[in-house]
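This report concerns only the one structure given below.
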Amino acid sequence: MAMTLAFARPELDVKLITTEAGNQTQAKTVANALAFASYLGQDVEIAKGLDRPMFKALEIAAEVHGNSGLGDVEFPVPMLELSARTAVEAMKQVLMDSPEPVVLIATGPLTNIGALLFAHPEVKPKIKFISYMGGAAVGGNMTPTAEFNVYVDPHAANLVFRSGVPIVMSGLDVTHKAYVTLEELEELERMDTDFALKVAAMMRFYIKQAKQTAFHPADSEKCIRLHDLCAVSYVVTPELFEGDDCCVEIETEGRLTAGTTVVDYAQLSGKTANAKVLHTVDREKFVAQFFGAVEKMG
Amino acid sequence: MAMTLAFARPELDVKLITTEAGNQTQAKTVANALAFASYLGQDVEIAKGLDRPMFKALEIAAEVHGNSGLGDVEFPVPMLELSARTAVEAMKQVLMDSPEPVVLIATGPLTNIGALLFAHPEVKPKIKFISYMGGAAVGGNMTPTAEFNVYVDPHAANLVFRSGVPIVMSGLDVTHKAYVTLEELEELERMDTDFALKVAAMMRFYIKQAKQTAFHPADSEKCIRLHDLCAVSYVVTPELFEGDDCCVEIETEGRLTAGTTVVDYAQLSGKTANAKVLHTVDREKFVAQFFGAVEKMG
Amino acid sequence: MAMTLAFARPELDVKLITTEAGNQTQAKTVANALAFASYLGQDVEIAKGLDRPMFKALEIAAEVHGNSGLGDVEFPVPMLELSARTAVEAMKQVLMDSPEPVVLIATGPLTNIGALLFAHPEVKPKIKFISYMGGAAVGGNMTPTAEFNVYVDPHAANLVFRSGVPIVMSGLDVTHKAYVTLEELEELERMDTDFALKVAAMMRFYIKQAKQTAFHPADSEKCIRLHDLCAVSYVVTPELFEGDDCCVEIETEGRLTAGTTVVDYAQLSGKTANAKVLHTVDREKFVAQFFGAVEKMG
Amino acid sequence: MAMTLAFARPELDVKLITTEAGNQTQAKTVANALAFASYLGQDVEIAKGLDRPMFKALEIAAEVHGNSGLGDVEFPVPMLELSARTAVEAMKQVLMDSPEPVVLIATGPLTNIGALLFAHPEVKPKIKFISYMGGAAVGGNMTPTAEFNVYVDPHAANLVFRSGVPIVMSGLDVTHKAYVTLEELEELERMDTDFALKVAAMMRFYIKQAKQTAFHPADSEKCIRLHDLCAVSYVVTPELFEGDDCCVEIETEGRLTAGTTVVDYAQLSGKTANAKVLHTVDREKFVAQFFGAVEKMG
């Protein structure tokens, strides 16, 4: 979903896609990325990321994303091949070779970017900002206080949030408002292109899954949230979003709270803001933007 | 404030008041309790609590509560004397001697009650429930995720929340809605009794303090929240409040989150509810109830 | 074993025995204490302790101590009955009623004493010192750095070590040197009294167990360590032991090190000594003292 | 000191020296490495490491190593220049370009190697083993349980010890036995070469410092321990050392024990050995080896 918008918009020049373990194992995530980008006719480097979180054992949200990670939708055998470079190496070289600062869009655990920033801090000046889908100022979806992407690798998230690189955080606060209704979904299906039908089928798959798990909120049967898309949409059209500049820190310890994004909305800590925490989206324009991208790519 | 309502209502038979370090040192808290109860002509046992939290060093919120803990309002020399029993011993004996279950109302750190429940679990069947002002399902006032009373002694709070005794939690979620406006405060002043003027003076003191500290939210200059009163009011008139039964656990570790009340609103943990977490109050009836108590006691 | 010496020596006036969960469940520990003291013809109060550690789930070392906790040795039906007072209540009252300071001897987890000192700090001046079998300056037997008794309830141990009450710590450092050889055990058996034979049988049971578990060091088949006896023997004859005054703190957190007694032998922390940490015992005199007690009691 | 032996021995082909913050700031550490290697006439790449630990604030042991980090001994202006590659990048490329596995010798905090192994796990098969000066099976020198090098960056140490790369750990257990006596030091001075006198002067500086700090054990005035040299000497002559294969894990949390190397000597954890923990050195041969190196290089 998120890739669709990224490829569709002329404002973005997608140079590199890297994979993270988390929603699925690396093997499946890599296969999906190759298949999806190939299907869309994109010639882009896809590099494989690190296999597991920094310290924690890998936890996978397979029950949400389906066995293949793309619901049960099938894509043709990909034309693209996996890059010979690792994700960390590829990111480092793309950044160092870029004449101007680059935006990183991240929609999973932050293992690769954390490793990059820790091992190669010299890349920092080449990063304009990181648009991140993850975390939550209020609540969580994995534990009462932790969102899945941060929970999976809180230490890597900590490296990123402490790095000094500016972050725009599309946490659950905003992504829960970034949904497509069933009526809108039918509109997508009426486009009747192969791609629109595939996208709609994936979305229906997620809705069906949501009915069977405790992972999603109660209204998950009546709409579908496009969490990851927020992180791309913000880069293209920041005017669709509202948020506040806050200090965000990552709890890596705690018996109950590991993986919490501690967002200091009330400025109790006196610490400097390191992130813009989004809380509001113009939902109708957001959905229209996405449907426009599907139409263009289909 | 909270005592006023407790003494005023015939539904309550106040058997014992115990003090906690936290808002002030024990010496001041004890002096205040004796002075306040004496002034109101109450014959009640007041027992001194433990001097410090279970493991943490004592932190005091003196800047909020004024040097004496009662703003700058002065009360006559007390008639009452401190009990010869410690708070833990007195609570234990009052409970064991009571023919029927007793409600405990707690509006500070839980050091004494934690010690009681840990050292003397035989009292548990004698406790009907604990009405507690403390914690927060969302946010905090001491750190981004911790409310002051729990932050001061999270280990004691952990003993209480794990004890199996039912808890009604009046956290910041509801107490932030339990405010008196400046207009209502003037109404109190128009009662023109000595007691009403004293109460109003204490409330104006807190409003003045709030302007000078970062501890309170932005609207603190325009209203005053009666946090502790919620815990008493719920016992008298539970119908003024709404809340949800949840599992509440206390984070005692964590670099950033120690003192957090982890409230599992979304039932992600699968654990059994141990507390009713209040989130809504009928504010106008709540204020009227308090003013009625001041009028009756004045 | 430890009781035998305590009862045998005129220097000690045993006022109260309390039980701790840990080596066995409370039910078994209570039954053993009643049976053992009754068999020895002692008229002593035995009070039941708290059922479980402060925060941790109960772990039991049943595989070491046998199903009944006394090996497979059987004692007659006890004459003594369990006290109507809880262990915490009984300790509190014995201490408060004592005209002079009392020595507490503890040979298990510190749950009861921790609860006593936390809830009733007024007893502290009545405690001369605590003679404790637990902890280790070097190594552990439950984890690489934690000894069993402290590991079971590190938070209670923390309350005790921070209490200000002086402690003499018979940790693994000294108790590993407090062993009886197989030759000496035969000498005990040659006493040929019912009691000596029972004691010897218990000791042989432990040796047999040691062969089957990883819990004991490699030489456990060739000797038996009388860990708990050290804590009693030190009270009677401190001149048999050597140790150093150190600052000892309890690690209650840590992924790997919870339950560690952090002994600052090298005075790196600059903190004041709160315990004498024993490291050496005159083993032959220690064994002779024990055998003398068995002879006297048998 | 450690470099001296490494350069002197034909068995070693030193390809790269990288610097770590810890004993000194990076600026000083880099200056020292350049000066020392230049003085010895070595043509070796020296690459600057990461500026600070993974998560902890930088702590520096300047009081031990003198203001310049080389005691007060002065070296000529260096011929060598700092590499244009970062330490992580240089290590990665040297390893990937090497036809056969390489030994890494590390004598400070493990920040650089931790970053390398985390971000570029593809180098692991190119590492024969890591010879590490750091940690302790018993005790510590920074806290009662933590050795300085591990204490400074326990998270990086955790990455290294969990990496699967074999480690030989020269912890305090062996390095405390790797000392030079004052008599032997005089023997060094009698060599009367410029280099021998410089080395001896540095050693006398450390002895003088030791008298003024609590950091070193009581006998520090009468001998000097060559901690770091152990890690080089083991690579050249492993037969001088004895040790045991153990599971070593790093405590990164804990209020008291962060930075502890938890060495499972007694195999209580059942986990697989990941390190050889040295505990014994043939001290006289070790000293003779070092003096031989000084003589050869001087």
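For clarity, chains are labelled A, B, C and D in written order, and residue numbers in each chain start from 1.
In this text, a contact is a pair of C-beta atoms (placed from the backbone, for glycine too) under 8 Å apart; a residue touches a chain by one contact, two chains touch by 3 or more.
Bear in mind that the values here come from a model prediction, so they are computed numbers and not experimental data.
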item	value
Distance in touch steps, counted as few as possible, from chain B out to chain D	2
Furthest chain, CA centroid comparison against chain D	B
Mean-CA-position distance for chain D and chain A (Å)	42
Mean-CA-position distance for chain D and chain C (Å)	43
Residues of chain B engaged with two or more neighbouring chains	252-253
Arrangement of touching chains [line / ring / star / complete / other]	ring
Contacting chain pairs - touch in the sense defined above	A-B, A-D, B-C, C-D
Residues of chain D defined as touching chain A within the complex	50-51, 54-55, 86, 88-89, 115-116, 118-122, 155, 158-159, 162, 252-253
Contact footprint of chain D on chain C as seen in their complex	138-145, 214, 217, 249, 251-258, 260, 262-270
